[in-house]
Structure formats: C-alpha cells, structure tokens
Amino acid sequence: MSLGPYASFIVTSYALVTAVVLLLIVWIVADYRRQQARLREIEASGVTRRSGRSAADMR
Amino acid sequence: MSALAALIRRDIRIALRVGGGALIGVLFFLTVTVLMPFAVGPDLALLSRLGPAILWLGALLASLLTLDRLFTADHEDGSLDLIVMSRTPLELACAAKALAHWLAAGLPLIVATPVLGLLLNLDGTATLAVALTLLAGTPALTFTGMIGAALAVTLHRGGLLLAVLVLPLSIPVLIFGVAASQAAISGPMSFGTPFSILCALSLFSLVIGPFAAAASLRHGLD
Amino acid sequence: MSALAALIRRDIRIALRVGGGALIGVLFFLTVTVLMPFAVGPDLALLSRLGPAILWLGALLASLLTLDRLFTADHEDGSLDLIVMSRTPLELACAAKALAHWLAAGLPLIVATPVLGLLLNLDGTATLAVALTLLAGTPALTFTGMIGAALAVTLHRGGLLLAVLVLPLSIPVLIFGVAASQAAISGPMSFGTPFSILCALSLFSLVIGPFAAAASLRHGLD
Amino acid sequence: MTLTDLANPTRFLALTTRILPWLAGATAILLAIGLYQSVMAPDDYQQGATVKIMFIHVPNAWLSMFVWGVMSIAALGTLVWRHPLADVAAKSAAPIGAAFTFLALVTGSLWGRPMWGTYWEWDARLTSVLILFLMYLGLMALWRAVEDPSRAARAAAVLTLVGAINIPIIKFSVDWWNTLHQPASVFRAGGPTLDKAFLWPLLVMAIAFSLLFITLHLAAMRNEILRRRVRSLQMMQASSSRTFSAEAGSASCEGNGSKEIGIA
Amino acid sequence: MRLSGRNLTCVRGGRQVFSGLDVSAAAGEALAITGPNGAGKTSLLRVIAGLLVPAEGSVALEGGDNELSLPEQAHYLGHRDALKPALSVRENLSFWRDFLGGDTQDTQQCLAAVALDHAAHLPAAYLSAGQRRRLSIARLLSVRRPVWLLDEPTSALDAAGQALFVGLMRDHLAGGGIVIAATHLPLGLDARELRMGGTG
Amino acid sequence: MRLSGRNLTCVRGGRQVFSGLDVSAAAGEALAITGPNGAGKTSLLRVIAGLLVPAEGSVALEGGDNELSLPEQAHYLGHRDALKPALSVRENLSFWRDFLGGDTQDTQQCLAAVALDHAAHLPAAYLSAGQRRRLSIARLLSVRRPVWLLDEPTSALDAAGQALFVGLMRDHLAGGGIVIAATHLPLGLDARELRMGGTG
C-alpha cells in the first residue's frame, strides 16, 4: 500500500491520535490507582465512611 | 423602575468620582493607538488599513480592564447582598449595572474615537464607520464581560482567570465589528451584513449576559 | 531580609492562588494573541510584522490587569497599615511587592513567548528578540505601574490626576521595547540602541518606582 | 435499575465497575475494524491517500462538539437540580473533550497542509474550533483554580451553558461564511453525499470513537468520585483528630464534610 | 405574621455548620441568636435572608405580603455595611432608599434619628466606625420592612448609640415587626434566645 | 519605659478632631480610651501608631529600644484585620510573624492560645467574624512588641474569647508591656481611662 507523497502527514496524524488516546488512558488508569491507594491508606488509618445512605440524603 | 434608575445613577457617580475606571479605560485605549504606528512603521496606508482593527482591539482590551471589578467591589462592601435580597429582579439589576458601566466606560471610548482616528490616518467616513460599529458593538463586550465579572465574585478569583474565560466569548464581536468597519472603508462586501450581525450579537448578549450573571450570582454567593 | 522574602512569598502565593497561577497567565496571553488575527485579518506577513507589538501589548495588559490592585487590596484589609509600621523600610517593602508581582505575572509571559511566536508566525531570531526585550522591559512596566498603584490607594485624596499621569510613563517602555524587537527582526536600525535605552528605563524605574510609591503611601495613608 | 439508582454514587460506582470491561472490549474491537477499513479504503481521486486522515479527523471533530453538549446537559443538572453527579460528569468530561478538540485541530492542520497548502488559516470554522479548545482549557483552569468543588461546579456550569452558543457556530460556520473548509457531507439535509467506500469506515470510526469517549468518561467519573471521597474523608480525619474546646464551635463537629458526594 | 424555618441544615465550604435547626418568630417578637464564635449565627441569618441556600429545610414568612418572598420583606444588617466611601452620607442613604423601594421615609429624618444629620454632606469615607454603623441603621429606618435580620448590630456603637438603637428596635416591634439578631451582648430588650453550638 | 504624647492635635478631612491632647502610659499600665462615636479614639490610636501625622505635637516611647521608632515597637489591632482570604489561617499568621520579625513565637502555640489551632489549615475566607478577630489577636502574640494599640479589640468575640483576651492582656502587662485600647465596653482589667469628646 502506498500513501503517496504525503505519507508523513498521514502517519504523523495517526501516530498523534494514538499517542494522545494512549496518554488519556494511561492518565485515567494511573489516577484510578492513585485514588484507590489513598482511599485504602485513609481507611487503614481508621476513618470509615458511613454507608447505607440513600440517594435522597446524599446531596 | 426608579430602583434601577437609582442603581445606574449611583454606579455612574462612583465611576466618575473615584475616577479610575472610566479614565483608565480611555487612557489605555489611547496607549494602544499611540503604540501601533511604532509597531507598524511609518506606512500611512497600512496604518489606515489597520485603523479599525486597532481601535476595536483597544476598545475590547479597555473594557476588559475595567469590567473585572464590576461586581467585586459591591461584594466586598456587602452591597451585593442587599441587591440580591431586593425586590428588583436580579437580572434587571445586573443589566442596570452593566448599562451604567457602559455609559461610564464604553461611551467615552466612542467619543474619543474621532481623535484617535486622526492619529491613525483614518478619513471622515472611516472614523464614522468605526464609531458606529463601536456604538453597536461595545454593549456586547460589556454584557458578555459581565458574565465573567459575576463569576469572579462567586469564585473569589479575579483578573486573568476571568479574562481567559471571557475573551473567547467576545471574539465574534471583534470579528464582525472589524469586518463591518473594513467593509465601510474599502471592502467589496457590504457594510450592512456584518453590521446587522453585530447588532444581533449585541442584542443577543443583552439577553444572555444578565441571565447568566444573575444565575451565577444567585448560585454562588455565600 | 527574611521579612522581604516572606512578603515576596506571600504575594506570589496569593497571586498564584487567586489569579490561578502561571498557567492562567500563559492562557491569557494565548487568548490575546489569538484575538489579533481576527482583528487584523488572516494575513500572515502582516501578523508577523505586528507580532512584537501584539506581544508587548499583551504584556502591558497583563500587568495592568493585576497591578491596579497591588496596594489597594492591602489597604482595604488593613495589611498596609502594618507594613508601613513594620521595621522593614517601606521602599524595600514596595520593591519586594513589585518584584513578587513581576515574578508571578511578568515572568510566565516571557516563558510563553516562544509558543506564541509560532502562532504569530515569528521566526527564531524574532522570538528570541521579543523575549529578550520583554525580559528587559517588563520590570519597568511593573515598577512604574507601582507608582500608579500607590497613588490609587490615596485616590480619594485627590490623586486621580497623578494616576492619570503615570500610565503615560509606561508608553516610552512600550515604544522602545517594540522598536528594539522590530530592529532585530527587520529594521534598518540597530537592535542595540533601543535595547540599551530600554534597559536604562528599567534600571531607572527600579530606583524611582519604590521611592515614589513609598513616598505616596507614607503621605497618603489616613 | 432506575434513574434514581443511577444517581446514587455508590450504585454508580458498582455499575461502572461492572460494565467498564465490556465497554472497553467493544471499543477495542470496533476501533480495530475501523482502522482496518480505513487502511483498506481506496484513495480519493482528488485527495489521494490523504483522505485517510478524514477517518480520524472527522470523528474527533464531531466528538469535540458532542462532549461540550454532554457538559451542557450536565450543567443543567448542576444548576437546576443541584445534582452532585452532574458536577462530576461535567468536570471529568472537560479534559477528554479538550483532547479530542486538540486532535481535531492537529489532524485538520496536518490535512490542511497538503490540501490547502497551509497548516493554519484564520477562517471561521478553524477559529471557532480553536475558541472551543480555549474554552475547554479555560474550564479546566477554572476547575483547578477553585478549591471548593461545588462552588466551581456552579461557575463552570454557567460558563458551559454560555459557551454552548459556540457549537452551532462551529457547525454552521461553513454555511454562513465561505471558508476553506468543506461543508457538511454526512449530517446534512438530503442525506450524505459521501461515497460508500469512505462512508462506511468513517461511520465505524465515529462509533468507535464515541464508545471510546463513553468508556473514558465513565472511568474518569469514577476517578472523580473517588477523589471526592478521599477529600471528604481527609476532612473528617482532620476534624476527628482535633480536640474541640468548648468555644471552638462544636456545632460544626458533627458530620464535618459528610455532605459531600464522596460519602454515600 | 410569623417567620418560621424548619429543619434547617447549612453546609459551608464542604463542612456542615448546623443541622436540623428550627427557628420561628412571631410579629412583635425579638429573637436573639447567641452562641460561641463559629457556631453558625451569621450563617443562620444569611440562610433566613436567602443569601445562603440551606442544604435542607426552608424558611418562610407566613402572613406577610404573599406577593413577596421573605428576603424581599427583610432588612439585613451585616458586618459589611454596604457603604460607598466615595458617596456622601446622604447619597448613600438615599440610594438605598430608592433602590430598596416600597414604603419609604424621609432621608433627613432617618439621619436625625441616628444623630448623623450634622454629617449628611460628608463622604462616607470620613465616618468613624460607629458613625458607619449608625448610617447602616438609618437604612433600616428609611424603608419599612417587617423583618429585621441583624448581625451584631451594636458593635462599634457607643452607649448613647446603643440606647438609641434599642429604642428603634422597640418601636419596630411595637409596630408588629420581627427582629432576629445575632449577638454576643445582651440586646437590651425582652427577647427569646436561640442558643447555637454547645449542644450541637 | 513610658509612652508619652504631648499637645497632640489631629486634623482629618479638613476638620479638627482633637487638639491639645496629652497621652501617657507607663510600662505595665493599661490605658482605656473612651468617648462617644466620632470622638477621635481611632484617630488618636493611629497618631500613636504613626499612621496619621498629627498637625501638632508628637508621641514617643521613652526607655524603649533607641534604634527603633515607636511604630516599630508597637502592634496595631484595627477594625480591618489584615487577613488574606486566599491564605490559610497558619499561612496568614506565619507571614506576619516572619514579616514583622524580631522576637517571635511558635505559630501553632499562638493559634492554640486563641483556640484556633483546629482551624489552622482552613482558608481565612472560611472564618467567622469572631474567628477572624481571634486570628488577629494571635498576631499580637506571635511577635513580641512592648506597645499594644487596640481598637475595639473585643468586638465580635464571644464571652469565652473576651475572657481569654483579658488574660492575654494581663500577661502582656505583667511582662512590662503597655496596652492602649479604644473601647466602648469595660476592658475587664484595671485601666486608667482617657475620656475623649464630650468636652471638645
């Protein structure tokens, strides 16, 4: 398959999209891990959240 | 009605008395205009071609400069609490404040335009066209800027953050303002089309601005 | 010394927190730059010719937008009384405040210049020249602006006229800044002459600014 | 599962955890199919191979507008119903939307160079997209700059709704002003004018990217809920470890920070 | 006429200030809100004034003007005195009279009632702390509103000013008004007390 | 050590506020300045603090540090509390400690002394009126200065806060300090009274 004279443009744009999407995914996964770790840390230190509250009194 | 008149009267009086606001705006406008010939070089034709753009930019930036504290001052001394509680609908009160600001800070810019037109080598028609577009367009700048000013109060933030939030909103006004003046001066296009879009933008912002500002004040005060 | 360091640290901290930080400064500058092509039209050659002026105007506006309340905020919450009473000479305290302001509001703009240069179609040398002139010139904007800020505190004592006289002080800075960058890019003139004048202006204002500001604060408080 | 159940953060978390793997899988499969089709698509008689950029440019451009639409609906939820989950949705959508807008801008420029001979031109479509990008950045700055999440949410909501005016401007700019950019060829009155050979890969890619957005958004919302939970637990921690003197406001002792979305 | 709020909960800055609070005050009655610093007195007044949205519960004025909301029938006197230093005393007062509207009184008389008539032409920037407070009080007189919400109203007032203000409150109550005041000092008149904090 | 001002005359806004006034206070002595609103109490304090230039007369601290002027040896606690809402309670206090310099105390201890230690991390914007006042008082403790100039220091404080503050003033006086306070309420400790207004 030949991409013609503008191959570099096409390849760059596909590569960029891949890179940015991967970056988003990595960021979100890392963020998830970080929050989970902090949550575990806090709950280990004895602070617990009250559970079993209904949606109505949540706000 | 008389409540709104009182609010407008007060705001204009303060703007004129403490000065600051209105005068700094005009001065900034002047600075921008004076600076341009240095940037562009002594090419008079080019200068007069850029004239409308320069004047519009100056007006935009000058209104940004003064609008920032439209609500903050009232918030800090507690007036805003009373205004929110009053029997006057908050949307109208916001509109009145913006109108007062426009009268004190926007109108002087328009009055100063002919003088600055001379500096920029604009001829009579061109100056008139720019003044007309400014007259039609600066209310839009004030009324969209008001949204940012209201956000400033509720966020306890000021200055640059607001400018960043508000500037994108005022870009269309700038585009059509400049386009209309260009058309009047030289362009192949007609003056009417962009000018009517400009007026439409102004009318539009006259409606959106007070509502958005009032909404953000209502939800954000504490 | 540590008193001044504390003052600088506090002011920067407040600026970063309230204004939203260096990021916001860059964003603001970006928006102002993006405005230009709308006003001037999509002519790349013209844009790059206007580039330095646009960047300089952005810097002026960014410093004006925030400088205005340099002392007023401290006056309104009573901090200024304590600063005046303190063991630190008032001149040094003023200089520290101005320095903090420059670090928080001026420096980010200079750092952002290369990015904006791209948008305005400036080449490498031109960008470098503009960044250099901004580095040399923005302190002058801050330190002359400070005089106005100090006068603003005493405004209700009839200092309005003086405040109006101060903004024009920044015009020479602007003119030489733009002239120097133009010279570096295209001009027949040499870069050195206007640049050294610019540096001289900055040095001059570094000396004059704190003294004038301190004098006006000392006599204006009540 | 009713809508009110969905509105409960705990249920929302449980549900998200359950469906995220499926969503991710579907996204991956569709993306693979779309990519294969894009690679296999024939060259355009006018644009040559560069037409392949379309398959990523257009979905990103659509999504950049779609995400703002999602944020606008969330903004209504914040202002009208004062619903905390709406705050979360709005906040976590902004960076993803900004990323899509950025990609639309970059791929557009990369396409523009061979097609129009320039990377950038100040025309209405391009500039309105740039404004969209700036507004995304402004919103993100706002979220970052304001400590109190519910205060930031309300301000951001007002701004989002005001900024929504930009969306029709982007959409119709090509019709209102004559620009370099070509007018709509898929979503237009009278049906698509695009050739089937390009239409199919484009549609598959569009669906794949939409799924990608939904997946990322749900995951980001989950992160945000967890972040708020951490924040309120930290505030509880701070308040429970302090010893209250009689005059130091024991009224505020009970349930400090508990009225946050995090505690549910 | 009766002001009543039920089951009020207030959340500020992500922290709960008070919860499940009931307030009520009938016409002619004064309610003193007391409690330690940070107990939530100011917050409660602002909730009643409609300046803070309660997380739960609501406040209403029964038997007032049905066309108007509670905040529209109330005066709020806070720590910040809503005065513009650039305007004169008279200008400040008459602005608020015109803007608040409704049943208005003569500006000069109101100034005289708080012993500020001699300073009517002075810029508000020239007022001492107590004089500013007097001017704020004159605002309460310049427009008739049945509900007065006062946040530490007597701070900065001298003895004469406090006596004068107690007289004004008495007149207001005698005219069927409601006074709700957050205060650390005795109000100087018969008032029901709502104690916040301490218990929770 | 003795603070003394002779024949002080103060003119503000073109009007003479007081004239021919003498003030003095010795080490360990408290001076209460009283008088009706607008009598010139705040003006006098500001003259002593060097923030207002008297039209006639002068004030000096005899027996203090000779290298330093009176304002540099004084704390001024005014109506405006010199707090930045954007900074946390601790940041506010430690800034003033570092900036004012000299003989400093530990921030956390000062906060504890005014019962604000639990709020150290809160932004100052979140403080109630009384909490702000407590934070200002903590500033007096964080840096040692022999002269305290206080303008209605107990306003907005609850009963516990007032008692606490009286204790702090006593400690300061016992350490050889001078307290000059403008006030409408009794200070709560033995103090010589300087009555302004009334006569002139």
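For reference, chains read A, B, C, D, E and F in written order, and residue numbers begin at 1 within each chain.
Convention: a residue touches a chain if its C-beta (ideal position, glycine included) is under 8 Å from a C-beta of that chain, and two chains touch if they have at least 3 such contacts.
Since this is a predicted model, take the numbers as computed values, not measurements.
> Using the contact definition given at the top, which chains are in touch with both chain D and chain F?
For chain D paired with chain F, the chains in contact with each are B, C, E, in label order.
> Please give the intersection of the contact partners of chain A with those of chain E.
Where chain A and chain E share a partner, that partner set is D.
> How big is the rotation relating chain B to chain C when the fit is done on Cα atoms? Please round to the nearest 5 degrees.
Roughly 175 degrees of rotation.
> Can we say the copies chain E and chain F touch using the same residue numbers, with more than half in common, or are the two sides different?
Both copies touch with mostly the same residues.
> Please tell me whether C-F or A-D has the greater number of C-beta pairs in contact.
Higher C-beta contact count between the two pairs: A-D.
> Taking each chain's centre as its mean C-alpha position, how far apart are chain E and chain F in Å?
The mean C-alpha positions of chain E and chain F differ by 29 Å.
> As a quick test, compute the distance in whole Å between the mean CA positions of chain D and chain E.
Distance between chain centres, rounded to whole Å: 46 Å.
> Let me have the rounded angstrom distance from the C-alpha centre of chain C over to the C-alpha centre of chain D, please.
37
> Could you please state the distance in Å, as a whole number, between where the Cα atoms of chain B are centred and where those of chain F are centred?
45
> Could you check chain B for residues that touch two or more other chains and list them?
18, 76, 156-157, 161, 164, 167-168, 171, 219, 222
> Multi-chain contacts in chain F: which residues touch at least two other chains?
Chain F, residues with two or more chain partners: 12, 79, 86, 123, 128, 158, 160-161.
> What residues in chain A touch two or more of the other chains?
59
> Residues of chain B touching chain C in their complex?
Chain B reaches chain C through residues 18-20, 23-24, 27-28, 31-32, 34-36, 38-41, 46, 50, 53-54, 56-57, 60-61, 64-65, 68, 76, 156-161, 163-164, 167-168, 171, 174-175, 178, 182.
> Which part of chain B faces chain D closely enough to touch in the complex?
144, 147, 150-151, 154-157, 161, 164-165, 167-169, 171-172, 208, 212, 215-216, 219-220, 222
> Which stretch or stretches of chain B touch chain F in the complex?
156
> Flag every residue of chain D that touches chain C in the complex, lowest number first.
Those in contact with chain C are residues 121-123, 127, 130-131, 134, 137-138, 141-142, 144-145.
> Touching chain D in the complex: which residues of chain A?
Within the complex, chain A contacts chain D at residues 1-7, 9-10, 12-14, 16-17, 20-21, 23-25, 28-29, 31-32, 35-36, 38-39, 42-43, 45, 47, 49-51, 53-55, 58-59.
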